[in-house]
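Next come the structures, one after another.
After this come two complexes, each holding chain A, first together with chain B and then together with chain C.
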Partner chain A sequence: MSRRFQLLFSGLFLATIFIVPLSQAGLEIYQGQLPEFFDVFTRVPKRVNLRTFETNIENRSVYATAVRPWIQSLLFMALRDPGEKALLGRDGWLFYTPDVRYLVENKPAESDTEPENPVLAITTFSRQLSQRGIHLIVLPMPGKPSVYPDELTHRAHMHDHDFASPTRELISSLQTAGVETMDLYETFLSLRQQHRLDAVEPYYLAQDTHWSGTAVRIIAHVVARRLLDLGWAQTGSTEYTVNSMYLRRRGDIIRMASVPSLTQTFPAEEVHCFQVFDKETRNLYKDDARSAILLLGDSFFRMYETDEPTSAGFIAHLARELRTPLTSIVNDGGASTLVRQQLSRRSDLLRGKKLVIWEFVERDIRFGTDGWKYVPLPRD
Partner chain B sequence: MVFTTHIFLFYFLPLVLVIYYLLPRYRNAFLTIASYIFYGWWEPWFVLLMMTSTILDYVCGGIIASPKSTPTRRRVALVSAIMGDVGLLAFFKYYAFTAQNLNRLLPMLGVSSMPLLQVTLPIGISFYTFESMSYTIDVYRGIVPRAQSFSDLSCFVSLFPHLVAGPIVRYSVIARQLASREHTLKKFSYGIALFILGFAKKILLANPMGVVADATFAAASPLTVDAWFGGFAYAFQIYFDFSGYSDMAVGLSRMFGLVIPKNFASPYLAESITDFWRRWHISLSTWLRDYLYVPLGGNKKGLRRTYLNLTIVMLIGGLWHGANWTFVVWGAYHGLLLAFERWRGKQTIYQWLPKPGRVGITFVLVLISWVLFRAPNLSLAWSYLEAMFGARTHVSCSALLAGEIYTPHNLAVMLLCVSLSFQPIEIYDWLEHLSWRRALVLVPLFLFTIGVMFTQTFNPFLYFQF
Partner chain C sequence: MKQQGTDHEVTTLGTIEISARLLEIPEPFPPNDLYNYAYILKYHVIKVHRGNVDGSDIFVAQYNPLKPRSSARDEFSGKIGGSLEAFRVGDVHRMALEASVDDYWMGGIIDMYFKQAGIRYWAVWTNLESK
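This part shows the complex of A and B:
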């Protein structure tokens, strides 16, 4: 290589590594700010401060922000790579990587202490409630890959008959410990067997981590039957009616993946929902804090209930089945601990309660925000 | 600081290059300060540890080289330096491991157990300890003169390109260059080209393979085919990660006018384990040869002693990588294979096969050892090997692993890794004839790699932990 090209090559490399910080600083000055880089001189050089500074530099980089979507789109178009958070399944199905990891990975070693031990947290909560005369029923919610493993990989077809989520071990442990726990895996398995025959709508959304409007309705019915069989709930007197409707919804996996070309490849999904109305007043279903039943849950309870189209989620449908309004605390991704912490701060919510229904998605057994901490009940 | 980060690439490196080339004098002192900042970025307090090690070796080197020193004094200085360096390494790297293991035995002997301290492992301690130790030993052996100044020695030990993950550079290689070196455009552009290729190896090949390896090694019971795929992925991750880092280190050194040796020579083309260790982490294997194998007697004390020496060296080499029984077994495995080949007159039992067969079998033997290297403990390593050889029952959820690892992206990267690992042209040779066409291929590669770096959150350097 001649000296001229050595110079050109070196110049191009240097231009690349210089242009990013210089233009970033120039832009920040233009916007009337002190360049982010100078932050390093304003803090004590401790490990935590240096990490924060580095993260800020990366997050505020205009180049990284501008280039990232292009590269992600390129990788998706060329190599069908939807990014680190999503997995591309079959027939246009997307899966959330932590949902799959939960099923595939080794269980961490058994721990006898909170916050790693969900059985301990759940049995403790059950005992706390029982001391106040309140029943607890636990609903571990299957993740999408537990119900539709064959939509992730063709290989799962071979395991159709014996596909077993590790959550079933937890269910069994809880049942042995005397905690009333519903096994929705059985329910979904038999539903899917019917699905093959009848070709009804899927029970989970293709682009989302959550269930469909149809599944919401069916599971609410199954849970209501169980509560009535146990005698833990009585049918009320409020008549509800449903209104069938369709809406278009962009799946949360597409949002989390943040790959622009995914949005173009996967148009918004059509979702069939059933909105619940008070038959008498024609008002949409609304919670009632005086209800004897309290629901604790995560985004599975939020779906269609507080987000579009509202009053079409599990809570509304369970209320319809039981003919009585319910009370709920919903925390996205926080059903393991955060939702109980919210309850702990609301002494009014447990007053007059006879039953608590606690739902959490199965991946939270391992990846739940804040783990499975001990949380005291609110004062009586 | 890590080479493949925003802060290094767009702030540290440009700033250091500008100041370095603007300085008419004291460039080594400046490189030392920059290297301390580079090292301290991870944990500022550990700079003091590195300085302590350097001061110890500087003082001991001075005593050894002093014409007034008696042989006894020289020996005492040498032993002090070695004990100081090894002591630091032993405490920070092996204390917890030793305490855990001894605490299982001591109560049986009626002795109270050792306290379990939470010792944080300083990044790269194994690398710089070996480097500074080699300085004192070389001064003692008369191979190199003592360092002209503390600045020279601290620059050698702390030099940021090779500080945290090698190559393990000898003082003899760099001493003359520290005193005087040439800065040419050819050297600079060659350094850039090497840096770009190392950077691309790490971001485009090692990181995606790391995702596959992590997924399979974390799986409860991978299917046989998945376990092999994961093993291949780890073999390529560790190679492209470590050789990528070494290439970047060599490239960065050249940008500052320093020439340090390469660390890899197409290791997966090795035809035997003996051959593999001539090609893999060359700076470590030659260090172990010169400072451990030869002092132990090498092959000069009979055949049995040779086999024993080989095994001891590889056991220590294994332990050098980490305080875990997996590394000890990994080292023993290689040691035994080396001893076996030596027993057969440096021949393998598959010598009769054509070259692709010899290369393939050696690769599989190495791949099996990588399972020991990668697994967090021996029990999981054994489980993984069972999965690879079909001796493990699978749980139904394992089927889902296929959806995560056999993606078009992973398959394409795997294919690229295979074709690059098993072809004979080394990047050093390819760059020796750096034409403008090749250089102009590297520029878009660099830009693309930066873009991919912006999208990755998984970006570990495997050898940092050593």
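This part shows the complex of A and C:
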């Protein structure tokens, strides 16, 4: 090869490597900012600073931001690949990849120490509450693929018992340790066996990680029955009424995937909700910090409650079943540890409490933000 | 002459307006792919322009801190914004705040300082004042 070609190819090679960072830096200078890559020299090279630097570089790249959605769109149109965060199921159902990873990947080796051990964290929390005379009931929430494995793959049949979420082992361990734990897997399995999919509204939304308005109402009824049977809650005197309504909701899996063609392929879903009103005042359901019952949970408790249409989520429906307003702390994605940290900071919320209901989605058993740390309760 | 970091929003929104130095980012911001959360950051207050704050070092909840303030607002957050592109330790921010975060944000909160008492302020508007 001639010297000229060697120089040409070397130049093209160097241009390929440097054109993106140099033009990005030029753009930032043009916008009156210091180029992002300077941060690597101006900060102490600690883990936190390097991670922050890496994230800032990724988020501010004009090329990545502009090109990524279109490449992903192309991949979806050509190969039906909805990107790394989503999996395409059957009948237009979408699944969140970490939900499926939780079910199919090998469980890490057992650890006896926090923050990896959920049983240790939950039994400790139960003991902390018990010392104050407060009962605890735990609600591990099945992820969508645990309830609808047959919508993920035709190889799974919901009527067979050969598919079981690893969460059922956790439920069993907690029950053995004396922690009151509800098995919602059994509830959903039984519901699905009673009704064919096309006969009733699904219990989970086809393009979302969460449950439907109908499931919210049913599970609130099931939980209320258990609390009353245990004698841990009494029926109050507030009369609530419900208003049936429909809303259109864009699934969170579509939002997370950030693939433009997914938005076009999957229109917003119609969701049947039931808004809870105070029968006397006609006001929408509202929490009351003086309640004897405190709910801790994640986005499953946020759905329809503070999200549209509001006051139609699990909290409002449990209040309706028990005929009394409740207290709640909701921390999206943080029901393993963050929600207890929030409780630790807000000691006033434990005043006068007799019962805590703690919900977390099953994938957080392995992937929860901040794991399963020990958190002291106020004055602990 | 217009001061660095001031604009109509920062001087009118919220009940408190301060200039404060970002003291630390205790851990890298977790991903925001599934949930947008508020992250509690510790600031040293340099000047209070409007309202009152509790102490010289305060805790401020910044919504979805991985995003520039101008694009952090969504259907859940209510009105937030500002000119700040990215959070860097040592930078001085001019902020319009509300107290407390529990009254303004019902979703996820990541609070590495949860053992420390004190109000968690809600950042409504955040501009870069100086580096």
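For this structure, a couple of remarks:
Criterion: the second predicted complex is superposed on the first by the 322 of 380 C-alpha atoms of A that agree within 3 Å, B and C clash if a C-alpha of one lies under 4 Å from a C-alpha of the other, contacts with A are read in each partner's own complex, and residues count from 1 in each chain.
We take it that a contact is a pair of C-beta atoms (placed from the backbone, for glycine too) under 8 Å apart; a residue touches a chain by one contact, two chains touch by 3 or more.
Just so we're clear, the structure is a prediction, and the values are computed from it rather than from any experiment.
After overlaying the two complexes on the shared chain, residue contacts for A:334 are found with chain C alone; chain B is out of touch. When the two structures are aligned on the shared chain, A:70 is found in touch with chain B, with no touch to chain C.
Taking chain A as the reference chain, the count of touched residues is higher for B when chain B and chain C are set side by side.
Shared contact residues of chain A with chain B and chain C: 47.
Interface residues of chain C facing chain A in the complex, by the touch rule stated above, are 25-30, 33-37, 66-68, 76, 85-89, 102, 106-111, 114-115, 117, 120, 131. Considering their complex, residues 5-7, 9-11, 13-14, 17, 40-44, 185-186, 188-189, 192-193, 196, 211, 215, 218-220, 380, 395-404, 406-409, 412, 434-436, 438-440, 442-443, 446-448, 450-452, 454-458 of chain B touch chain A. Residues 33-34, 36, 39, 43, 47-49, 51-52, 55-56, 59-60, 85, 96, 98, 209, 252, 256, 298-299, 302, 306-307, 330-334, 338, 341-342, 344-346, 369-370, 375-376 of chain A touch chain C in their complex.
Chain contact summary for the complex, chain A toward chain B: residues 1-3, 5-10, 12-14, 16-18, 20-21, 24, 37, 45-47, 50, 54, 57-58, 61, 63-64, 67-68, 70-72, 75, 79-81, 83-84, 87-89, 95, 97, 100-101, 103-107, 145, 149, 152-153, 155-156, 158-159, 162-166.
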